[in-house]
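All chains are identified by letter, namely A, B, C and D, in their written order; residue positions are counted from 1 within each chain.
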Amino acid sequence: MTAVSLATINAADETGFMAALGDIYEHAPWVAQATFAQRPFTTLSALHEAMTRAVRAAPPNQRLALINGHPDLAGKAARAGTMTHDSKAEQASAGLDQLSEAEFPQFHRLNNAYRQKFAMPFIICVRRHSKDSILRQFEHRLQNAMATELEAALTEIFRIAALRLDQRIEAADKLKVHGRLSTHVLDTHRGQPAQGVAIELLELSQDAEPRLTASTVTNRDGRTDEPLIGGRPLPIGRYELRFHIADYFARVDARQSDPPFLDIVPVQFALAEPEGHYHVPLLVTPWSYSTYRGS
Amino acid sequence: MTAVSLATINAADETGFMAALGDIYEHAPWVAQATFAQRPFTTLSALHEAMTRAVRAAPPNQRLALINGHPDLAGKAARAGTMTHDSKAEQASAGLDQLSEAEFPQFHRLNNAYRQKFAMPFIICVRRHSKDSILRQFEHRLQNAMATELEAALTEIFRIAALRLDQRIEAADKLKVHGRLSTHVLDTHRGQPAQGVAIELLELSQDAEPRLTASTVTNRDGRTDEPLIGGRPLPIGRYELRFHIADYFARVDARQSDPPFLDIVPVQFALAEPEGHYHVPLLVTPWSYSTYRGS
Amino acid sequence: MTAVSLATINAADETGFMAALGDIYEHAPWVAQATFAQRPFTTLSALHEAMTRAVRAAPPNQRLALINGHPDLAGKAARAGTMTHDSKAEQASAGLDQLSEAEFPQFHRLNNAYRQKFAMPFIICVRRHSKDSILRQFEHRLQNAMATELEAALTEIFRIAALRLDQRIEAADKLKVHGRLSTHVLDTHRGQPAQGVAIELLELSQDAEPRLTASTVTNRDGRTDEPLIGGRPLPIGRYELRFHIADYFARVDARQSDPPFLDIVPVQFALAEPEGHYHVPLLVTPWSYSTYRGS
Amino acid sequence: MTAVSLATINAADETGFMAALGDIYEHAPWVAQATFAQRPFTTLSALHEAMTRAVRAAPPNQRLALINGHPDLAGKAARAGTMTHDSKAEQASAGLDQLSEAEFPQFHRLNNAYRQKFAMPFIICVRRHSKDSILRQFEHRLQNAMATELEAALTEIFRIAALRLDQRIEAADKLKVHGRLSTHVLDTHRGQPAQGVAIELLELSQDAEPRLTASTVTNRDGRTDEPLIGGRPLPIGRYELRFHIADYFARVDARQSDPPFLDIVPVQFALAEPEGHYHVPLLVTPWSYSTYRGS
């Protein structure tokens, strides 16, 4: 789906407006409908806020219907292929479309337990989480009281809507829905950026194998041409960066032991702020290294 | 087998001397025999050197017989249970008694290839190597010329003898056959040693699962009461230290993110000098760490 | 003097051209004259190279006259106030207009020795050096042979001309005559940029007091709004950065000892590449810090 | 004065006992006298505690007389040469016998202000402080109430007595009156201890020039043969370690810029715990370093 400009939205008639925004809220075109009269929107934030206000202003049972319009995570709708295009892409982003045989029953159990307690589906803005983090949130939120969960569901729905708007509408302003993970490698043996270091980023998981999410090589500034994760929220979760250091030092003829003291340097860390900037560099010699959360 | 003092050896008659030292060289009591007349030995080094000289002075076919007296690695003798007590313990120290189904054929193939090329068994001082390092040496030495391998075999035999002497004889001097791996954890967040940090040491392997070789907790000096490896050669190979940092910082009430930026910090490194001293410390805050080869 | 655009230069008649560029080479309008016919210059580099070629193409005695047109460093012309505007500003940039009583005789002696050996003034692109570095170059170049020094003088004259062009002419391209010194402070105690840290930059000198050359405070990114040195060559020499760390950690309520273990953290380093980029950050807790040459 | 063993003290008659211990408390032989009957003392701590109890048990005016028996710091007695041998050595240890013209009036003013407010001399265990720290304590304690200062004076007197006992009496136990400052230099460029690095330790002062207090060279372990300060309390104050790094890296043929990026590396820190252990190491390459408070 290509992005439409905010100007186009503002100029559209009701049919065009609804065609563009009717499915921002899952199975709830009434949210877009309620904002049509408020055009023009000078910023994307103004549009997002207008939709948020429309949801807040709706009668409780309509809000509940909105909540109930969302599919289970890795649930029946997913298997039956009846989810909306957006929901499908969102669930796939966290690997929920590829659960292992061990994970399916876990989600099944949690979905049932949640529905039994709250009589509604568990809603979470999946793009802000890794699979492990989703399970952790699931367990955690199951402990909440009903009122807390109603509010939590709405908060997540507003986040989902913001991400859908961010993907569909081009505007001068940006919603604060993106984070960034970057790195650089500094060769403190030679006092210069380390060029040509192979780097992998893996998403770690309690119960499953690490999942490779980026594979790149440092440029002449010791940085990567693109951020390791960018243009989207950082999924909350644990990660490992793997820096191929021995190959690099072999190439620049630095003295190393045999086998080299350092070979692939693993750095494990968690991302906890989906909209934050994380810079996780490596300062390295053949015999030492340090790393830190920079920004 | 309890250790005997060098004084006892020096005072022993020929029967006693041979009982103590006859099997230092595998199936070759003539080596000990040749040194009996040179008593007393003022140091353990002097005894070791006398034995080395005896081997060097022997006729070539006797030296070849000495070499051929050694068993294959993870070979027929091992399976048949016909190895000497020493060889059995040595091979077990590197896990050669517990090869996986994938590893057996690898050793089988290498043993055959080596015997075919050199008409003698592949000899290596197993206690100075991890399984991976043994395989690497095996592949490497298969490329050598005959003369080089004859000399390599003797060098390894002298090392094996030195380690057997070190275990059996107590003397004022020590043969230089021990290395040491140690660590400490410094909490640079609070400017003091980190007490109570759980640490594991794993031996890494190309083809097999990591093998846990030590599990300990830091004391009030941020050190471990015992070295991670000590009183023996450091097996050449790759290792991982795992420092349980998030638990520590939670206990001392340092502010961490949720999930904590750093949780278990893995440090991977190689030991390349079996008789060396490696100190691999961790300087750590909840947001940064550094490590290095100290001594 | 305000900058003129390259387009204006290209469009100017001979009088205007000479008015703008006649004094780029010290007391040598013939250099600009020789390039007038080659207009238009598509880039500033092309203009600089044309002038360089004109000097190279001139007869030896004219090149020697060019060299001899330059004033001594901190010499008679300086005291008499008869230097060109450019030379005056250049010598002042390295503090040559404010020599101490001890330094005057040193320059006097070196000027005389140099003239006696080479029968020409000592020429150096002053903006690329600190006073100490100038003295060091002076002593060093006094050892050279005549041919080496003639070439060295020309190299420096081309550098001086490039810097004068850079200051006077605006063009789409930039001559590579600028370096940059920057820093940032990362609070690894709290895992975030250190905001509000006072920083001073001092130029160090063998024989004189340190000279304060910048004084600033870190912004919310832990960086300084402007580079510590930028928009000009980095003067070769030794420097000290002073980071006011105890004040910062007191403000953010981090636990410190009394007196604080770290107070003002001095970092001393040399700049050796006038056109290089030096990034000298500080990663700091109340109990530890590290620094490095980044880029 | 050579040390006497605790056994000798225990065996001595009253004359010998008093000869050995009569002047532990300044002009107050009654303190030693009061403990004579309690012999034998099994430990030095027991002797120190017995003397402390004797002072605590004395009538208030006798305790006040003890306090008043102490000389001013850098006062009349010092200039007249009428201080006890111990007091003279103690005041000299902090440089109070070599005040500058600017410092004399400062001490004079503080002595007078203190006597005017409290009608007694200002007492401080000088060996636990640098000159700057003494002045800081002086200013600080001048703000106290009378009762607080009486107690503070006694605390300092007990510390003075402990240090005198530590110097005079040899025993199996040690009073906890010593601190230690040490360092080591690790060459993380080559992964080994840096041997032959020249190091100076300077005591810093607000108003006076830095005072060189140790000058040494690292041994093959990258350490110094003796601690930088040891066998005495660490004087509270600010210090600078200077590591001659460029000379070292030149000697081991590491590539450096010209001038070298790092030359003499200054590390400034404060000692705040006179009886503490401070280890302040340097991990260094030609392009980076880090330091921390270790233990």
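Basically, contacts are C-beta pairs under 8 Å (C-beta built on N, C-alpha and C of every residue); 3 or more make two chains touch, one makes a residue touch a chain.
Note that the structure is predicted; figures quoted are calculated from it, not measured.
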Between B-D and A-B, the pair with more C-beta contacts: A-B
Remotest chain, chain D as reference, centres from CA atoms: A
Distance from the mean Cα position of chain D to that of chain A, given in whole angstrom: 58
Chain B and chain D: spacing of chain centres that average the CA atoms, whole Å: 47
Residue list for chain B, restricted to those that touch at least two other chains: 188, 191, 257, 261, 283, 287-288, 290, 292-293
Graph class of chain-chain contacts, one of line, ring, star, complete, other: complete
Touching residues on chain B, where the partner in the complex is chain A: 133, 236-238, 257-266, 268-270, 272-273, 283, 287-293
Interfacial residue positions of chain B with respect to chain D in the complex: 186, 188, 191-193, 221-222, 283, 290, 292-295
Residue numbers on chain B that touch chain C, as the complex places them: 188-191, 255, 257, 261, 283, 285-288, 290
